[in-house]
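Some structures to go through are shown next.
Note that chain A is present in both complexes that follow, paired respectively with chain B and with chain C.
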Partner chain A sequence: MTSLLRAAATAAVLFLWSAAGAWASADSQGLERLDPGTRAAVTSIVEEARKDALPTQPLVSKAIEGATKGASGERIVQAVRAYAEACRHARDAMGKESTEAEIVAAAGALQGGVPPDTLSHLRSARPRESLVVPLVVLSDLVARHVPVSVASVAVLAPTRAGAPDADLLVLRERVEKDIRSGVPPGSAASLQSRAWLSARRWQVSSETKNETPLSKSPRRSTP
Partner chain B sequence: MSDPENKREAWLERIREGYRSTPPLGPDARRRLDDALAAEPRPGSLGSIVRWWLEPRGFAARPWAVAAAIVALLGVGVLVGRISSQHPAADDGRAAMARSGSASADSMTVVHFTLSAPGAASIALVGDFNDWDASATPMRQTAAGVWSVSIPLSHGRHVYAFVVNSARWVNDPGAPLAPEDGFGVPNSVVVVGWPRGT
Partner chain C sequence: MRFQSATLVRLIMGFVLVATLSVRPWIPAWAQPAPAGAAQPSLLLSPRAPLTLEGATSLGSDPGLAYGRFAHRLSLGFGRLELGALMGAHAQNGAEYGRAEGRLLFDAAKSTMWLGVAGQRDYDRGESTLPLLGIGGWKRLGNFVSSAAVQQTRDGVTHYDYHYSYADTGWVATGRSESIRRATIHTGLGWSRGRVALESAAGISLSHAAGPRTWVRGSAAMTVLPGFAIVGTGGSAAPALFGTPESEHGQATLGVRLTPAWSPARVGGHGGGSDSPSWQILHETAGWYRIEVRAENARSVEITSDATEWAPRSLEQVAKNRWRLRLELAPGLYHMNLRVDGGPWIVPPGAPTASDEFVGATGVFVVPN
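So, the complex of A and B:
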């Protein structure tokens, strides 16, 4: 029995040690596609990000993406460094409680030209719920050439008014459809956002009207 | 028998006699024995387990067995690390995408990708979920010019693109765009999970 326990204890210790080592190095997998100089530079950026408790896997993925797309080593290092910096600014703007997915999505938005203030406002609008979808929609609008200031308002206003993720995704699809049909991107985003807000006001107004004092305290019918 | 042998035999006999005779017991010997036994932790109790871990001890093992165990455990550890790195950690998965999919596990959803590309000879799906490996997820032509593939993805935001004829990168026309990939080729975004607030 004692020898069995000894063996089990030894095995557990060795397993944890080896698993921890493999886990720590897992982030760097795939970097073998890079040349040694680029790999060293990317690894250095990734380690720096790890020390700052920033997401590291997206940085590695960015480097691999660059290698697959045939980018030069210099371009890859530049892109990974810019992405890491964007992640750092995104977390600063949205707060340390932000999830990894939020930070990565916000980093994309920042790289598209969205100002950090917009991220802070979005966080204020949704202090406890995920910002991933609002950020994805915002980034998409910017990528479709909606001016950054218009795109920011187009997403921020509905989010402040309590728009669920599904509504924001529908808004994005409608903007995309309008742009495809020839509406200027800024106008399309602005119109669709206002349309959602109008519909929301109408909905709230209808609900308030239905919830009349009569329904709250029904009158007694007199005999 | 010689004299030394007699002496040795007599000495051994005295020792044997000593073992045979019962030593005199004191008046409280029984009580002291019971107390000592009661103070001993019972086998299998928490105290004995803790003591086993805390007391210094040595053990013997065959070197080849230890070496084999180390190699096997390193292999398992590396395997665990590789599997975990292939599946991006699921975030809180609150977002949504307007695409078909069915839940296959708590944090994984099968996502269906399609692309209309008449005249293409081959199309591959690449993204952060397959290390941008163009040979990892080939798409199949399901109808004239329509290519599709279904893969399980962890909940969260993923970036992807299509590689047409092993050369041309195109984004998904029906999906949100990622604003900047850093390499001049736009990507698409898929957020896996169910809509929040619906």
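So, the complex of A and C:
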């Protein structure tokens, strides 16, 4: 009986060892394209991130991106380190309960120039729900040249007012459409956000519970 | 309703002028779009449709023409709708007129077709002209924009009858104004590169009641600072066209143009010049998307993206100049670069951008839920 238990324990240890090894090697898949020095530096950053319970796959992905784009080893290490730092700041701003997807999305937003305060405010606005979609929308607006301060308010205000993910995505689409039709990006984001809030107020006041604000057209001002 | 208030017109003109500080090139605005470096001033009043105000007045003694125009643009499912109004006054001959304009625009990747209708009221004569019709289009070819249009417009001519007056003991001329319809055919060519934008247009106006009238207009704009350009224009006398008032004499202006922040992004996939590839992402079935790239005379097209773990993926050529790749994408935000013929990785033209530590910038796109 004792030998059976010993064998089972040994098997379990071996299984966990091999699983951990497989996980680690899966994590660093693709790093073989880096030169040995760069690979060692990147692996060290990845290991450090793993110890801090930060997402590691995006760090590896960042290194591969650099390799694909022909960046120097030094540049790749800098970029991976900066990304790991962004992930760390993102988690600090949003809290330790943040999911990997949230941390990755928030790190991208931080690197786009979004201040950590905005992440904290978003978390306060949505303490239990996922922040992935608000963060994706925020990063997209910033990428469309909406000034960071305007983009932050444009996403934060509806999120605070309880905007569901679907509404935020519709808001993003409308901003995109407005920009395509020639509206300056900052104005487009600001006005669509305000349009949502107006519709929301109208909805609350008329106690129409069955429809979400963006299922109605925002009221337009006429010249 | 008779519109006689020259004071009101002048006030409006002044407001428009101050609001925009714009000297408009005397190019038919409807005929060809403003080059990217020479955006027209616009004042945003609506979240969905920009309202454009513009105006000009002659600062010299002749011809004393002042006008203001506003246009409201709406996005429709199948195209765009522009609604505009123009008011003008001529200090020298006391002419006052107003015009309402409507135009439908249908956009393709690098070209636009339009169909317009307008009505004009000449307040000093108490005459209305309806409808004025036009059809035209323009096409972008690299740094050039070529345009062509046919418009049926109205024009005023004055006939003089002479008779000998024994009372005055001399010949006396009696003028009789007549409004005639003209068919105007015109073409234009615009070019812009960097800070400089040139525009030109020439046309011939034909009528059964008067001889052919040819005209030519040109303008040059140079952006000195972002949103601030010096504009010089010139041209011969020309009939009224959509979006442009009639000018009875040759024109030459020099002025400045202030513009609000101009968005260079034409998102959703269409690039700028003919050398640039254009691209788009299309939803196929649940979770599957198709990236299409149009690259002229390309031998290979590749993308790299976090959607492909940054591994370069070659697109398949499906037709001449057309390349395609199917990808399974989960909802989220993605980054992408593309390259043609093994060249440098570039941001897909027109895509929103995020900074990238390696090649400067990467394109961003969102896959919604």
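Assume the second predicted complex is superposed on the first by the 190 of 223 C-alpha atoms of A that agree within 3 Å, B and C clash if a C-alpha of one lies under 4 Å from a C-alpha of the other, contacts with A are read in each partner's own complex, and residues count from 1 in each chain.
We take it that contacts are C-beta pairs under 8 Å (C-beta built on N, C-alpha and C of every residue); 3 or more make two chains touch, one makes a residue touch a chain.
As the structure is a computational prediction, the values presented were derived from the model and not from experiment.
When the two complexes are overlaid on chain A, chain B and chain C occupy overlapping space and clash.
Of the two partner chains, both chain B and chain C are touched by A:65.
Looking at the shared chain after the overlay, A:99 reaches chain B, while chain C stays out of its contact range.
By the touch criterion defined above, A:30 reaches both chain B and chain C.
Looking at the shared chain after the overlay, A:43 reaches neither chain B nor chain C.
Of the two partner chains placed by superposition, chain B and chain C are both touched by A:79. When the shared chain is aligned, chain C comes close enough to touch A:195, but chain B does not.
When both complexes are overlaid on chain A, the residue A:140 reaches chain B and chain C alike. By the touch criterion defined above, A:183 lies against chain C but remains apart from chain B after alignment on the C-alpha atoms of chain A.
Common to the chain B-facing and chain C-facing surfaces of chain A are residues 30, 61, 64-69, 71, 75, 78-79, 82, 105, 108, 111-112, 132-133, 136-137, 139-140, 142-144, 165-166, 169, 172-173. For chain A in complex with chain B, the residues that touch the partner chain are 2-3, 5-6, 9-11, 14-15, 17-27, 29-30, 57-58, 61-62, 64-69, 71, 75, 78-80, 82-83, 99-102, 104-105, 108-109, 111-113, 129-130, 132-133, 136-137, 139-140, 142-144, 162-166, 169-170, 172-173. Looking at the complex, you find that chain B touches chain A at residues 52-53, 59, 61, 66, 69-70, 73-74, 76-82, 84-85, 88-89, 91-92, 94-98, 126, 128, 131-134, 156-157, 159, 169, 176-183, 185-187, 189, 191, 195-198.
Those residues of chain A that touch chain C in the shared complex are 30, 61, 64-71, 75-76, 78-79, 82, 105, 108, 111-112, 132-133, 136-137, 139-140, 142-145, 165-166, 169, 172-174, 176-188, 191-192, 194-195, 218, 220-223. The touching residues of chain C, when paired with chain A in their complex, are 42, 44-51, 70, 72-73, 75, 80, 260-263, 265-268, 304, 306, 309-312, 332-333, 337, 345, 352-359, 364, 366, 368-369.
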